[in-house]
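Note that the chains are named A, B, C and D in the order they appear, and that numbering of residues resets to 1 at the start of each chain.
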Amino acid sequence: MATVRDRFRRRSAWRHRLHEIVFEADTQAGRAFDLALLLIILASVAVVLAESVPEWRADYGAAFRRLEWGFTALFTVEYLLRLLAVDRPLRWARSFFGVVDLIAVLPTYLALVLPGAQTLIVLRALRLLRVFRILKLAEFLREAAVLRSAVRASRRKILVFLFSVLVLVLLLGSAIYLVEGEESGFVSIPRSIYWAIVTITTVGYGDLAPQSALGRVIASIVMLLGYSILAVPTGIVTSELMRARLRPPSTQACPSCGAEGHDVDAQHCKYCGEGL
Amino acid sequence: MATVRDRFRRRSAWRHRLHEIVFEADTQAGRAFDLALLLIILASVAVVLAESVPEWRADYGAAFRRLEWGFTALFTVEYLLRLLAVDRPLRWARSFFGVVDLIAVLPTYLALVLPGAQTLIVLRALRLLRVFRILKLAEFLREAAVLRSAVRASRRKILVFLFSVLVLVLLLGSAIYLVEGEESGFVSIPRSIYWAIVTITTVGYGDLAPQSALGRVIASIVMLLGYSILAVPTGIVTSELMRARLRPPSTQACPSCGAEGHDVDAQHCKYCGEGL
Amino acid sequence: MATVRDRFRRRSAWRHRLHEIVFEADTQAGRAFDLALLLIILASVAVVLAESVPEWRADYGAAFRRLEWGFTALFTVEYLLRLLAVDRPLRWARSFFGVVDLIAVLPTYLALVLPGAQTLIVLRALRLLRVFRILKLAEFLREAAVLRSAVRASRRKILVFLFSVLVLVLLLGSAIYLVEGEESGFVSIPRSIYWAIVTITTVGYGDLAPQSALGRVIASIVMLLGYSILAVPTGIVTSELMRARLRPPSTQACPSCGAEGHDVDAQHCKYCGEGL
Amino acid sequence: MATVRDRFRRRSAWRHRLHEIVFEADTQAGRAFDLALLLIILASVAVVLAESVPEWRADYGAAFRRLEWGFTALFTVEYLLRLLAVDRPLRWARSFFGVVDLIAVLPTYLALVLPGAQTLIVLRALRLLRVFRILKLAEFLREAAVLRSAVRASRRKILVFLFSVLVLVLLLGSAIYLVEGEESGFVSIPRSIYWAIVTITTVGYGDLAPQSALGRVIASIVMLLGYSILAVPTGIVTSELMRARLRPPSTQACPSCGAEGHDVDAQHCKYCGEGL
C-alpha cells in the first residue's frame, strides 16, 4: 500500500490530473474525454469506410485524405499523452490497449513509405471496444467476464470439436471431389473442402453445388451432419454458462450446520446464518 | 381500494359497460368484440398485402382503396370509443397499445397529404399482438413474461456480444476487401462488411462470394467463427431461461442489507446472515 | 383386469394369433411380419420416388404402375386383417396409425377417378414411423416420449415466439419493399415477406437480395436479429429437456424425514430409504 | 499387475524401447517421434491437396508423385515398426488406429493396379487425430471423453430425431414437387427431397427455389419448421452435457437391486430403499 501511495505522491499534480482525464472515466472530465474520443474514433472509421466507396473516393478523395491526417495527428497526440500519464510507459505500451492505440496511428505514417497500407486504418475499429468503459462500466465488465470465462472454460472442448470438424471436412470435401469432378466446379480438393465448409456451417452460398445424383446424396449427408453437429458447440457454451451461474461443483459446507450448495459469493450459510 | 371503487361508481353505467366490451375479454360481449376486431385487423392487413401485388392492384385498385377507407373509419371509431371508455384518456393514449392503435389509423389520413404513406398501414400488423388476449389469456401472458424476462436479463450480455460481433465483422470485411478487390464484387468496405454479416450469420445469399484462394481461406475462417459464435447467444438465453425456471424471478430482498438473488430455500441472507 | 381377460377369452384362438402377428412385435412371427412390412413400405416409397424421375418413368412407367398396384393390394389385405384382428375396428380405424394405414391404400384407388392423385402415395412414408416398433421398442419409445413431452411443454412458448416472428417478418418485409422497390425483385409485400423469412431463418437462397445501400443495412439488421432470435427456441426446448431430466418443480416430500428434491421415478426417499 | 510386468519382462530391451518411441508420448524420444510423424502426415496430406489443383498438377505432377511414394515408404516402414513393437500385432492391426495406419499406406500401392485410387490417400487425414496425443494428452482426452459420452448418451434421441426429419423431408419434398412442377427445376421427387433437406437445414444454396406463390408459402413453412426443429438436437446435446457435469458419469449401482442413476448425495437407493 505504501509504495502505491508514494508513487502517486511522487507524480506531479498535473500528471495525476492527466491520468484521471485520459485513463479514468469516473470524473466528469474523464467521462467527457472518453466520450469525445469515442466519437472521434467512430468518425475516423467512418471516413475509412467512406473512402473505400469508389464514387465517393473520386469526388472527395482529397478531403478524406486530409481528414485522415487530422485524425492521425489527434491520435498521435493522445498516444503521447497516455505515455506521459502512466508511470511505466513501456509496460503500458505492451499491454493490449497500448498496442491497439499504436496500431491506430501507424498505418497513416506507414502509407507514406508503403502505398496501400492505409486500409489498415480500419484496425482503429478495435479502439471501439473502449465503449464498454463509458457505458455503465462495472456491470458490463462483469457480464463480459462471465462470457469470457465461459468461453475460456470451453476452449479445449471447442478445439477438439473444431479439429474434428476440420478432419471431417477434409474427408467429405475429397469425397465430393471424387464424385462430382471438374465439370460441376469442384476443380480441386481445396475448393471441394471450401464447399464442404460452406455446407456444413449451413452458409450455403450456392456458388458451388453438386449436380449429380450421388453428389446430392453426399451433400444431404453433409447437411444433416452439420445440422446435428451444430448442436455440439452450443451445448458446450451453454453448459459452461450454466455452470458459471449454478453452484460450482466444488462447494463449501457450512461449518455450523454442515449444509452444502452455497453460492460462490456467499459469506453466510443460507440455512443457519453462520459465517462461511 | 376506496378510490378505485369511487372512481368506478363515478363512471356512468354505460361507460362501465363500454369499458368491459372494448377492453376486457372475460364477458361474452367483450370476447365477441375482441374476436371481431382481430378478424377485421387480419382483413385489413390482407388488403394491404394484396394491394401491393401489381396484377391485383391494376384490377382491383379502386376496391382496395375503398376497403382501406372502410377499415380506417372503423378503427377511428374504435379509437375514439377507447378514449371514451378509459378514465385517463391521455395516459392510455401514451401507453404501448394506445400508440399502436393510433398508428393503425394515421397512415390512411396521412396519405391524403403525403402520397405513399399508405404503405405504413402495414404497421396495423402490430395490432395482431392482441391475439394473445383472446386465446387463453393468463397462461400465454405468463409464458410471454418468462420469455421477456429471460431476454431482458440477458440484454446486457447480448449487447456485449453483438458489439463484439460488429467489431469483428468490420475487421473481417476489411480483410476480404483487401484480399479480393473490386473484380469479385467487393467494391467497397461497407459492401464487404455486408458480405461478412451475410456469412457470419450463416445466411449466405451467394450474391457476393470470394473468388481467390486466399479469399476462400478467409471466408472459411469467417464461417467456422460464425459457427462457433452462434453458440454464444443460444447459451445466454438458455441459461437465463433455466435460471428463471430454477430460481423464480420474484426474489426476496434481505431486510437487513437489501441484497437480492437469494435461493428459494434460503432462510438467512447469504451476505450478512440475517434471517429472511 | 377381469374384463380384459374376459375379452381376450372371448376372442377365438386364430384372432388372438392374428393380433399377435399383425400388431405385436414380441413373438418371432410378429417380428418377422413387422420387418417384412417395413421392407415392403420402403420398396413402395422407393417406387413412388423412382416413378417421379422423368427418364425412369419413360422407360419403366408400366412396370412401376404394376408394382404400385401390387403394393396397394398387399396393403389393402393387411388393412382388412388389422380390422379383423382388433376388437373394436372402428375405434382403431380412427386412431393415428389406423388413419395412416388407410391413407396408404386410398391414393391408388383414388387415382382411378382422379388422375394425379397417385403422387399422394408418398404419404405411405408415414408408415415408416413403425420402424421404432421393430428396433428395441421400449427404449426408443421412452426417448421419443421425453422429446414429445419436452416439445409439448414448450408448445405455448414456441407459439408465442412463432407469432411474434410472423409479425416481425411482416414489418421487416414491408420495410424492404418500401426501400428496395420492384427493380430489385421485391415486386410485392408478400414476396418481400418471403424474403424476410428466407433471411431471418438464415436460409438465404439468394434468389432475392437487396441491391441498394439502405436495403443492405436493413438486411444486415434482419440477419443479426435472426441470429439472436435463433437462440430463443433452442433455449426453450433445452430448458424443457433439462427440466424433464432434472428434478421437476413440484416435488414430493419424504413422509418420514421431510426431505425434498426426489426424482419423479423415485419410490424411496434417497436420504432415509422410506417408501414415498 | 503381475502378468503385465511379466509381459514387459519377456519383451527384449530394444522392443521395449521401440514401443516407447513409437507408441508413447511421455519420453523425449517418443514426443519427438510423434511430432515428426505429425508434420510428415500434414505434409503428405498437403501434397495430395496440391496435386488435385489442375495448374499445379500440370507443372509439378511428377514431383508430387515422387513425394507421395516417399511418404508411403516412410509410413510403410512405420507401420511395420508398429507391428514389431506390439506384443499382439494382429490385435493392434484390427484396432481403430491400426486400421487407420493401414489405410494410410494402401491407396498408393492400390493405385498401381487401380488408377484413380490415389485420391484415397486423403484418408491419411484421419491420422491427424493423433494430434491430441501430442498436445497435453490427459486433459484433451478427458474433454473428448465428456463430449463422446454426451453424444453417445443422446444417440438414441438423435436417431429418433433424424428419422422423423427424414420422413418430414420426404413429405415436404413431395408437396413442393406437386406444387412447383418441372419448369421450376423440381423435376423429380428425389430432387425435391434434396431441396427440402437444403432448406430445412437452413443451408439454402439457391440452385433450386420455388417460383410460384403456393410454393413459396410451403417453403416458408419448411423454413420456420427447420428453424424451430434446429432447437431439438441442440437441446438434446446440451442437456446431456449438463447431466454429465451435474451428475458425475461414474455413478454408483445399488448393491441390492443394481439400479443406476442415483444422485451424488443419495444415501439410499431411490428404487428399493437399500442403503448405498
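A few remarks follow.
Everything below uses one rule, namely that a contact is a pair of C-beta atoms (placed from the backbone, for glycine too) under 8 Å apart; a residue touches a chain by one contact, two chains touch by 3 or more.
Since the structure is predicted, the reported quantities are computational estimates derived from the model, not experimental observations.
More than half of the contact pairs of A-B, counted by residue number, reappear in one of B-D, A-C or C-D; that pair is C-D. Farthest chain from chain B (centres taken as the mean of C-alpha atoms): D. C-beta contact counts were set side by side for A-C and A-D; A-D has more. A separation of 30 Å divides the Cα centre of chain A from that of chain D. Inter-chain spacing, taken between the CA centroids of chain B and chain C, is 30 Å. One inter-chain figure worth recording: chain A and chain C are separated by 41 Å, centre to centre, where each centre is the mean of the chain's CA atoms. In chain C, 190, 202-206, 230, 234, 236, 238, 242 are the positions where the chain touches two or more neighbouring chains simultaneously. The touching residues of chain B, counted against chain C in their complex, run 45, 48-49, 52-54, 119, 122-123, 125-126, 128-129, 131-132, 139-140, 143-144, 146-147, 150-151, 158, 162, 165, 190-191, 194, 197-198, 201-207, 230, 233-234, 236-238, 240-242, 245. The residues of chain C lying in touch with chain A in their complex are 202-206, 234, 238. Chain contact summary for the complex, chain D toward chain C: residues 156-157, 159-161, 163-164, 167, 170-171, 174, 177-178, 182, 187-190, 193, 199, 202-206, 209, 213, 216, 219-220, 223-224, 226-228, 230-232, 234-236, 238-239, 242-243, 246, 262-263, 265-275.
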